[in-house]
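Here you go, one structure.
Each chain carries a letter (A, B, C and D) given by its place in the written order, and its residues are counted from 1.
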Amino acid sequence: MSDPVLDAIADGVRVYDLARPMEIGMPQSPNHPQFRIALQRRHGDSIRADGGSAASELIITGGHVGTHIDALSHVSQEGRLHGGRDAAEAQRGGRFSELGVETITPMVCRGWLLDVPAALEVRACPPGYEVMPHDLTNAAERQGVDPKPGDVILVRTGWAQRWDDREAYVGHDSGVPGPGEASAWWLAALRPRAVGADSIAFEHLAPGAGHALLPAHRVLLVEHGIHIIETLNLEELAYARVYEFLFVLAPLPLVGATGSPVRPLAVVSERSAEAGR
Amino acid sequence: MSDPVLDAIADGVRVYDLARPMEIGMPQSPNHPQFRIALQRRHGDSIRADGGSAASELIITGGHVGTHIDALSHVSQEGRLHGGRDAAEAQRGGRFSELGVETITPMVCRGWLLDVPAALEVRACPPGYEVMPHDLTNAAERQGVDPKPGDVILVRTGWAQRWDDREAYVGHDSGVPGPGEASAWWLAALRPRAVGADSIAFEHLAPGAGHALLPAHRVLLVEHGIHIIETLNLEELAYARVYEFLFVLAPLPLVGATGSPVRPLAVVSERSAEAGR
Amino acid sequence: MSDPVLDAIADGVRVYDLARPMEIGMPQSPNHPQFRIALQRRHGDSIRADGGSAASELIITGGHVGTHIDALSHVSQEGRLHGGRDAAEAQRGGRFSELGVETITPMVCRGWLLDVPAALEVRACPPGYEVMPHDLTNAAERQGVDPKPGDVILVRTGWAQRWDDREAYVGHDSGVPGPGEASAWWLAALRPRAVGADSIAFEHLAPGAGHALLPAHRVLLVEHGIHIIETLNLEELAYARVYEFLFVLAPLPLVGATGSPVRPLAVVSERSAEAGR
Amino acid sequence: MSDPVLDAIADGVRVYDLARPMEIGMPQSPNHPQFRIALQRRHGDSIRADGGSAASELIITGGHVGTHIDALSHVSQEGRLHGGRDAAEAQRGGRFSELGVETITPMVCRGWLLDVPAALEVRACPPGYEVMPHDLTNAAERQGVDPKPGDVILVRTGWAQRWDDREAYVGHDSGVPGPGEASAWWLAALRPRAVGADSIAFEHLAPGAGHALLPAHRVLLVEHGIHIIETLNLEELAYARVYEFLFVLAPLPLVGATGSPVRPLAVVSERSAEAGR
């Protein structure tokens, strides 16, 4: 029996890794637990009768640490989660009985890249730049991006180039570029399953303002039930000019959690990858 | 531009989730940190000026907790990792400079299911049962399983049916069925990229023996460089008689770690899924 | 200048350590995070220019893990903490704004031991034994125990002898001896600052009942504002027949927490210690 | 029977708390795990049949987080711990089989305060100030400090006044005042059981130098077996001019660890406390 999906990958695929490595000291929001890992056992700590030994670790993380996805339980407005659910009720018991990250069905669907700095003909959006709907429209037209409901849309700002400088990437003083409320409305109108970006928060952050207000989160998570993926690495994808791809994302099934670290992938056939160059 | 991969999913795919939910109290090896999650912030703990609020969590886990993959750094023999690398040298500094879980390239490849109890015509392998090469041969012939080098091979024992009873699933007193050293050799000969099973350890555990000896780990990880995936849920796949599929697995890029929780997927076209019924 | 306190210790003191060692696998309540510790850095991981190196650890614990003290924020009744404080209000924000463990003033006061099995002339109270007020009265009379308001009263059951057998000490199936509601009333009448015992819960636990009801906690913490110390080691003190002592306990100042691991001490002069033999 | 220790406290004692509150965001060394606490259960999450409910927490910490004590296993020189013990051997197995923090006998002994800024007639030592032996000599003479072997000596720099400004207290850019190698030798000559200070590291840190070299740690921990207590709050003690006191410190018995958070106390009789004013 031949399966079209297996046939399609038979000639070779190019897989783009959209996640950032997770390590102590990486950039992350101060609101969330600092990522920490320690080897509990090292080789040689105990040796089995046959000369074998094992190493393993202890890991501290959060649902919004590293490249991650926001569940719909993450944000509420006036005490209500998406669909008008009562936030206090949903979180009773210490884990969400509704809209937890384990309720996100794994994504195996079409994905699109909107490369905003490419459309603006700059290397990266400047720190204080609010990505506006006309930026998204321009990028979509220029790059042949035409999302259908249920697709995933990733917005590149180029901010990820600062990843290696923690303070710069967090960008508290400088501000961080990103889609604001207007762009959130624009994106929501396309009814994507999820949206993502290459900064810590899928928002426009003014210099010094921090996370005082998060309107794009409200519009997307609460008002439209659209998941948000943050801290993506979109540089390689942009460099290869891959704007349409198979998008795969499978959150850890952390029961009742508000988010999960993830390792999303963009997949195209080798043929397309070669043609893109 | 049309991409064969996107064309293949255009008519619809069936996605099988091969991971177990992660929650406090789930079955896990006592050698590893007990999974723990707590909401650090709940809705209403602090409310933004515009009426918004956010919830988030603190997570304790290990690299070998929940459904997970073993990196090649996990096991050593006589002080050597796969390829003869010096284990003490590789782990110096408190994280692996070689063979860490972040070095596992995301898997987007063909996967196969070997349903041993189906071949044995039982509901599940009995507790003390060592899965032998002839069991794997029988299952492969019966189910049309024909792996090529680089594919992923998943071995079902049916043990996963005990998931809801923690003590029974860990199976210290009863023993746990699984492939022993002979089957590890048989599998290694096929040169898969990774193998997996539906118990905590990809091993045959005799009653009361615990993890005193792990010969399949040695053969696979150390001697052949083949990753091991554990605590899989293969029940749905077996029920649907899906023996060949697109296998997708993307470990968290935990730098220098020996394993990672994962959420592997088996994907087939809707057409194949329907035909399988 | 001479200080009476320093003068008193000048001739030598005997210090009894009332805490249990904290290590992976020690007995603890399954309701609380499993204690875990891992060396993050070992000597040799990084070496300073001058040949120096340092080791340090990562620790997972809970406020009610190991020998510990309960803050008044730990237990509520009908939504009220001690003094009628609203529990929901006090915990808003994710830490207690009132009655957190950091509000417990360090204890440097008189302490008393009520050795119940000594009064009963048994080695230890049997598993299902509820320590009753007449047991406490008998022990007090026999041992010359005469607490004043503000003192600390420790109740020995002898259960601590099972410490090395985790399952036995937790005692879910066997039940655990301890003071029930009646003894809690008796103790509360003496207006101690804190009470303690040598089992995980300062309660009488019937076989198989677990922590379904905790009446002594309600009486002591909620109704009387008396702290509870659990998982004490009182064996050495009992063996030395030290019934009256200087009691010192300083909880970690974990802001807004409901409990803290502690290492309480009983101190007497060398002279008294010798006389006790 | 009357005990001199109990008699001494009978007229009332003044207890000085020398620890800093532990909370998210407090100053700490970036080399150690970030302190984190989250309520796992809040009141109302589950309610017992009788209307009772309990709250409890999950805690992430390190042995050198908050006010803490260094065990002798913390620092090595040329691969050797105090007494020439082999560091690699002692740490095999992932916890120290020798010199772990659980081997520190609880301290109930005489303590002394050396108030360096008082002797210098300044409010606090300036950032780059290395406390020299003559500073200690001057302070000792001025304040009547006369330590005997086995006593504990606490050195105040006044740096603790910056506690509320995390960056300032850590002092990476400014440098941090403290005893350097010469003062470590001076102190070691007095054979104290432990020494302590009011900054994160018991060292003189030059501006921008961080923890590149820690000579006082080497002299005290490795060469003389003298424990170090850090991040103390000595302000209140200095303000009250209490220079001699009963010092009580009981580290958590974390088996095989290199340090422990602590809550040390200084105790004097009410009479002395009044006289000091």
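To be clear about the criterion, a contact is a pair of C-beta atoms (placed from the backbone, for glycine too) under 8 Å apart; a residue touches a chain by one contact, two chains touch by 3 or more.
Keep in mind that this is a model prediction, so the values were computed, not measured.
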>> Tell me which has more C-beta contacts between its two chains, B-C or A-C.
In response: B-C
>> Can you check whether subunit B and subunit D touch via the same residue numbers (shared by over half) or via different ones?
In response: same
> Whole-Å distance, subunit A centre to subunit B centre, using C-alpha means?
Replying inline: 24
> Just how far, in Å, is the C-alpha centre of subunit C from the one of subunit A?
Replying inline: 46
> So how far apart, in whole Å, are subunit B and subunit C when each is placed at the average of its C-alpha atoms?
Replying inline: 43
> Out of subunit A, which residues touch more than one other chain, so two or more?
Replying inline: 33, 36, 38-42, 44, 57-58, 60, 94
> Among line, ring, star, complete and other, which best matches the way these chains touch?
Replying inline: complete
>> With touch defined as at the start, can you tell me which subunit D residues reach subunit C in the complex?
In response: 1, 3-9, 11, 13, 15, 17, 19-23, 31-33, 37-44, 48-64, 66, 73-79, 81, 87-88, 91, 94-96, 102, 105-106, 108-110, 212-215, 217-218, 222, 244-246, 248, 250-259, 261-265, 267-269, 271-272, 275
>> Looking at the complex, which residues from subunit B come into contact with subunit C?
In response: 33-34, 36, 39-42, 44-46, 60, 92-94
>> List the residues on subunit B that touch subunit D in their complex, please.
In response: 36, 38-40, 42, 57-58, 60
